[in-house]
Amino acid sequence: MVEWVDKEKVFKDPVHDYIYVKDRLIWDLINTRAFQRLRRIRQLGTSFLTFHGAEHSRFTHSLGTYETMRKVLSHFDRNFGWPGDERVRMLALCAALLHDIGHGPFSHTIESVFPFHHETWTQRILIEDPEVNDILKRVDDAFALDVASVIAKKSKYPLVVKLISSQLDVDRMDYLLRDALNTGVTYGTFELERLIRIMRPHGDDVVVKKSGMKTVEQYILARYFMYSQVYLHPVTVGSDVLLRHVVSRAQKLWERNEDLFLPDELKPFFSGEEITVKEYLELDESVMTYTLQRWMRAQDPILRDLADRLTNRRLFGSVDTRALKEVERETIAEMFRSHGVDPDYYLSFQTATTDGYHMYMQGINLIDEQGRQLDDISKHSALVRSLVPESKFRIFCPKEVLRGEGNYKPIRGWLDALRD
Amino acid sequence: MVEWVDKEKVFKDPVHDYIYVKDRLIWDLINTRAFQRLRRIRQLGTSFLTFHGAEHSRFTHSLGTYETMRKVLSHFDRNFGWPGDERVRMLALCAALLHDIGHGPFSHTIESVFPFHHETWTQRILIEDPEVNDILKRVDDAFALDVASVIAKKSKYPLVVKLISSQLDVDRMDYLLRDALNTGVTYGTFELERLIRIMRPHGDDVVVKKSGMKTVEQYILARYFMYSQVYLHPVTVGSDVLLRHVVSRAQKLWERNEDLFLPDELKPFFSGEEITVKEYLELDESVMTYTLQRWMRAQDPILRDLADRLTNRRLFGSVDTRALKEVERETIAEMFRSHGVDPDYYLSFQTATTDGYHMYMQGINLIDEQGRQLDDISKHSALVRSLVPESKFRIFCPKEVLRGEGNYKPIRGWLDALRD
Amino acid sequence: MVEWVDKEKVFKDPVHDYIYVKDRLIWDLINTRAFQRLRRIRQLGTSFLTFHGAEHSRFTHSLGTYETMRKVLSHFDRNFGWPGDERVRMLALCAALLHDIGHGPFSHTIESVFPFHHETWTQRILIEDPEVNDILKRVDDAFALDVASVIAKKSKYPLVVKLISSQLDVDRMDYLLRDALNTGVTYGTFELERLIRIMRPHGDDVVVKKSGMKTVEQYILARYFMYSQVYLHPVTVGSDVLLRHVVSRAQKLWERNEDLFLPDELKPFFSGEEITVKEYLELDESVMTYTLQRWMRAQDPILRDLADRLTNRRLFGSVDTRALKEVERETIAEMFRSHGVDPDYYLSFQTATTDGYHMYMQGINLIDEQGRQLDDISKHSALVRSLVPESKFRIFCPKEVLRGEGNYKPIRGWLDALRD
Amino acid sequence: MVEWVDKEKVFKDPVHDYIYVKDRLIWDLINTRAFQRLRRIRQLGTSFLTFHGAEHSRFTHSLGTYETMRKVLSHFDRNFGWPGDERVRMLALCAALLHDIGHGPFSHTIESVFPFHHETWTQRILIEDPEVNDILKRVDDAFALDVASVIAKKSKYPLVVKLISSQLDVDRMDYLLRDALNTGVTYGTFELERLIRIMRPHGDDVVVKKSGMKTVEQYILARYFMYSQVYLHPVTVGSDVLLRHVVSRAQKLWERNEDLFLPDELKPFFSGEEITVKEYLELDESVMTYTLQRWMRAQDPILRDLADRLTNRRLFGSVDTRALKEVERETIAEMFRSHGVDPDYYLSFQTATTDGYHMYMQGINLIDEQGRQLDDISKHSALVRSLVPESKFRIFCPKEVLRGEGNYKPIRGWLDALRD
């Protein structure tokens, strides 16, 4: 069923040193147009405006997720004889490699504006993209659907699902290390090899030995720190606000039939029609970035200004506030309006909630030395229990308003009064 | 003259950990549109097709070059009292920061096709871009020109020139480490802190203590290895060939007035008119990448095919050959033609010459313990002398031709006979 | 007052790359016999038996602590103008460099057996060792005493004390990174440069900006992980038990006037007489290690066996138990005795308590953007609050007993019943 | 034949992250007294006096050599099916693990004084140490001898010999990386994983693909730089001189029957009698270091002074000279004598010769893509050819003499005249 490539192939990788490929199926999937497209989608969206090194793409992360899965399976095979079945092995590798194939440009940021739910698109691409689907079908007719079910977390292979998307999955393992390396921080560091070593298959579950609990804590905290220090950095959140505002301004102009540069690739997203997989795959960050450049020369002063701010890093600033009531938000918006600043595009109330440890069905279970299943890690670790999601409230708007320049002075006074 | 920013600012950097900025002038230059544009130009052009991690931009390298200069000046100041003059310090920092501001997208690759000589553009931008020029003028009226003279290597501050572009300059120091980190190789590793420590101002020259000669050798070899293993990797050279062929095919169609998607930003480059700084700065990699995507759907089958090959990594393969005479090249081209393959777009003869150590005026001079100037390092190091440029000859063409698929079998036979 | 060395000197260091020395006083202190002796005392005692890389000495850590202090002072000086006073700067540097000079071999392990309270000895050496004292006196007559007071945490320079020994001190910063590097784990990793950047002098206190709280959390957790994963590793605790048992067996034989190899350097410690600084400094790990080798050939079978076990890594094993009452411990000891195993030397009940975050007077205080002192970090961080000390109870004894070999089978049954 | 340990065991390692052991034979060899003794012998002798981090032992390096061999064999097995034979695999692993088991304390330094030829001792220990020999015999009666033959480079398994000691062996691969890490330099860095990947068995030889030649160059240069920058550092060479002088002074006193502290372990080495394996294994660095401490309090002023200099790092300084004739050396010695400095103990002429690349039988052969053996790498690489051994001549003596302090002024004048 699974052909080997003529010889073991490798990719040089800054995180894993080498990524090893011995299966032709994997090799061919990497070479599909849909997968190569991930080179044109940054892993961390607008984060490069905060951490200049965060320029890496989803392509590199997808390869790294595959490699991490390969390592986990090798450990399982060496030490527990799982999976004996080549098809399950291939299923796990393909799901790891392709788990992000449905991402669009800046998708985490603009999925509220565009129909960008990436997991749905991933499933559709596996089935509907002829190039990808043909390769997957080589295993058997049901294989593409089986990979899609793993992505959808509805698989009859719950252990594979667990390895791909849970509190302890290969996706996170790779992105924490990769994002840390590229941003230049150590917050995402953890003991990858040891973490893999303490994992073991246990029925439908992947569990860890209680003696390795601290290593799991280190890994959970890597995520905690990356969220608070990198992913939810206020400068990045402010860039995301700006990006959403640019797009919604353009949509407004489009609805009003005003003069607007709009490349063919974006039209289906603006028109609200059903989007095909083919159309979806034509959109990438180069289209978005190019469009933003053009909008810097738009007639509409708001679109022009917002595009310029985002492209040239004149980003919004922020004030930490207490939680605000709807009526308070209205009052502030009104104040902006009365000072000639359109709150629809120049004001945003953001709640950044750090992601804690969630137990539900995909928690991390411990077992003891005798192989008896104990409880979820949160029952045993005060540290993990302390990781309850925390919310921060922030107002974003242009820095000149925050600084109270010119006639914005009264606004600044108001904002200062709301500070947390 | 030189204002400090309110407080020391930092950028988190994967190579230097932190990049320190205390001068408002530097801060403001970083925030210009012309400098922010460098985020949209990759440091290593098409190399990401060979080393997937090579996705970093000239923006990050420019910051790193500045930081390296800052470290060198701090060492010079602590240990030799140079430069006493704040203006010279600022000159060196600005030249380091801005030395690549004139780079265009894939400029090393397509400077033969487009008027992309980046050092000329750098100088023009310093003088003609109002935003950049206004900031530089804050020092004094002559300052922008002085920075440009450093870039042009015609400065009355030869020591600053030496620090910016010579065999031992801050530009190389940063890019070797940065490119190594991002590609995931160790070839570019060297002892940065020690290299800086053994450097010293000596009249108009920057020299090194003879006792530190091995550290200089290590640094020179880092460059040697990066050239042979990364910069001149045949897969990258083949990608560059493809890129040049796509562009020249498009130019041919444009000359013939055939139907061709061409964004406004590229028109001046195709029309051959004089290009203004404003026009130049509007071109970046997002324009090029977007255009390539559009060309994948062009009417012309050759343009469509080449754009698809480049975008989706169906790259050319290569054969190492002996040096070929013009008449031999012609014969091969004719053979391609007779098999229905247009050699103008599907065949390329490339000579990759590794850059050795060049002594000329910008060599590296040693001094002894007593501070007496000795000779150029090549006089003292057999290792350095061994680094004479080496040329490799290669033929690039589609892999299906190389493999002799279908009716290409005879071609393959011919090519095999030329192998080195 | 403070002479510079002729030129800036450096030490190459695996943690900090370079350690910079520009003061002759520091240079001369490093070259004293008392300081050089720290090369012969391992930083982590018996930990090398668990983590083979943990072979580094207190010498390297002491240099690293000095360098960390130098960095903190440079940051304070650049950004807050503290300390203006050269004498205080030198006080801080000397205290950092010399803070561990009073350590004896395996002192954390056998301070219960020998009079090894290292902080007391550090103070005595500063005053009583003529070589060290003469150098310190060069500043002024009160200087040596002032350094000693900093070590004693009774200084009139509370801010210096805080930098040397508190929850946020340069000692920990260096040892976490150094121990992590040498053991090969990432648990001790944290953002050193950023941690330093967010520290600031605030009256007599060193505080951190609230916006940097997560970086402090990362640092506090580095310690938490190093304690649980490295410092309190059961194999190390078991080695320490063995070391104490060897020494106490030798003391017993000495008291009984039995035949015993005992080098001159150890005699004062066995005889219980007052020990002079000169005598104290003659003891180092080479003496101890050599003595252990000799004891491997002792007449007494228990001493011989224990020394062999420790030297050749036939270490005790352990069982995690619930907390045991005194009477239960007695019963177990009795059982050992009845099976021919002397519980005084072959059984040990250990409580390993992870060190949490302690607030008391040396906690970490936050300030807000406006420079107003907020509260202790534990008031703001659920993560920090979760770090309450945890106790683990373990029984240590020979592995053959644990495995129930030979006639030890009944013991094993008993021990299994106590497992936690 | 080869039992597995119950489960895969690991050692945490700063160079390889994890060292994997699955064979009980390997596990048991690690736990022998002879192997554990390597913990008490530093890998780099007196180098820690130059690079304070160089405190690592031959134990860690021996584990690392084993792990490197394990990786090479895994690559050979995955890609070339070599060795099919479990016995050969075990032979290669055992030889890698045990290759340094015969090292004595500071053996490279004092093998001229003591009978310390470590390769001979390694072979003897494999055969004569009952504990080691019994474990090896478990494979079969001939096995211990076979391992010894590999060490002696006279094996009927030339490929295993090649992997253990040649220009491209696992010993060097580990020590370059490990010594670099511990000293804190990058000089020893090279692409380990890639180097392994390009190696392949070829008859009795291990060869590399020509396309990987630059990676081999990088590895050869790592050694070149480590020799010149670390292993032959003049401060280390001076420490070695001092060590040899201390020992020869002690021997002189012993011959003269003068009062001398001499531990039992050293007596056989002084008396010149035949030394047994048992006696040999009783000597380690703790004995030497302890003895040096005692000699600091010797009656003989020369022994006392030399031991103090070495222990407390009052090392000899050096002058680089031209090559000196015997008669010139005599004149200098006489001058020392006439100024009251005994040249036998306070003067040394040293020639440090960097080790180049040696082709002879253990050179590195290349093969081309078609698997045809080409020539030795030096035929193809100008870089490698440039690495001819270079000699440096240096005079070592006390720094006070070099500085011309007191009545040494005339000596200084003379030495200055000899400077290179």
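Going in written order, the chains are labelled A, B, C and D, and every chain counts its residues from 1.
By definition in this document, a residue touches a chain if its C-beta (ideal position, glycine included) is under 8 Å from a C-beta of that chain, and two chains touch if they have at least 3 such contacts.
Keep in mind the model is a prediction, meaning the values are calculated, not measured.
With respect to subunit D, maximal separation of chain centres occurs for A (centres as means of Cα atoms).
The two copies, subunit C and subunit D, are related by a rotation of 180°, based on C-alpha atoms and rounded to the nearest 5. The distance from the centre of subunit A to the centre of subunit B, each centre being the mean of the chain's C-alpha atoms, comes to 32 Å. If you average the CA atoms of subunit B and of subunit C, the two centres end up 50 Å from each other.
For subunit D, the set of residues touching two or more other chains reads 17, 185.
Partner subunit D is touched in their complex by these residues of subunit A: 7-8, 10, 17-18, 78-79, 193-194, 197. Across the interface of their complex, subunit A is touched by residues 185-187, 189-191, 214-215, 217-218, 221, 224-225, 228-229, 382-383, 385-388 of subunit C.
Those residues of subunit B that touch subunit A in the complex are listed here as 11-15, 17, 31, 33, 36, 39-40, 48, 51-53, 55-57, 59-60, 63, 181-185, 263, 265, 282, 284-287, 289-290, 293, 311-314.
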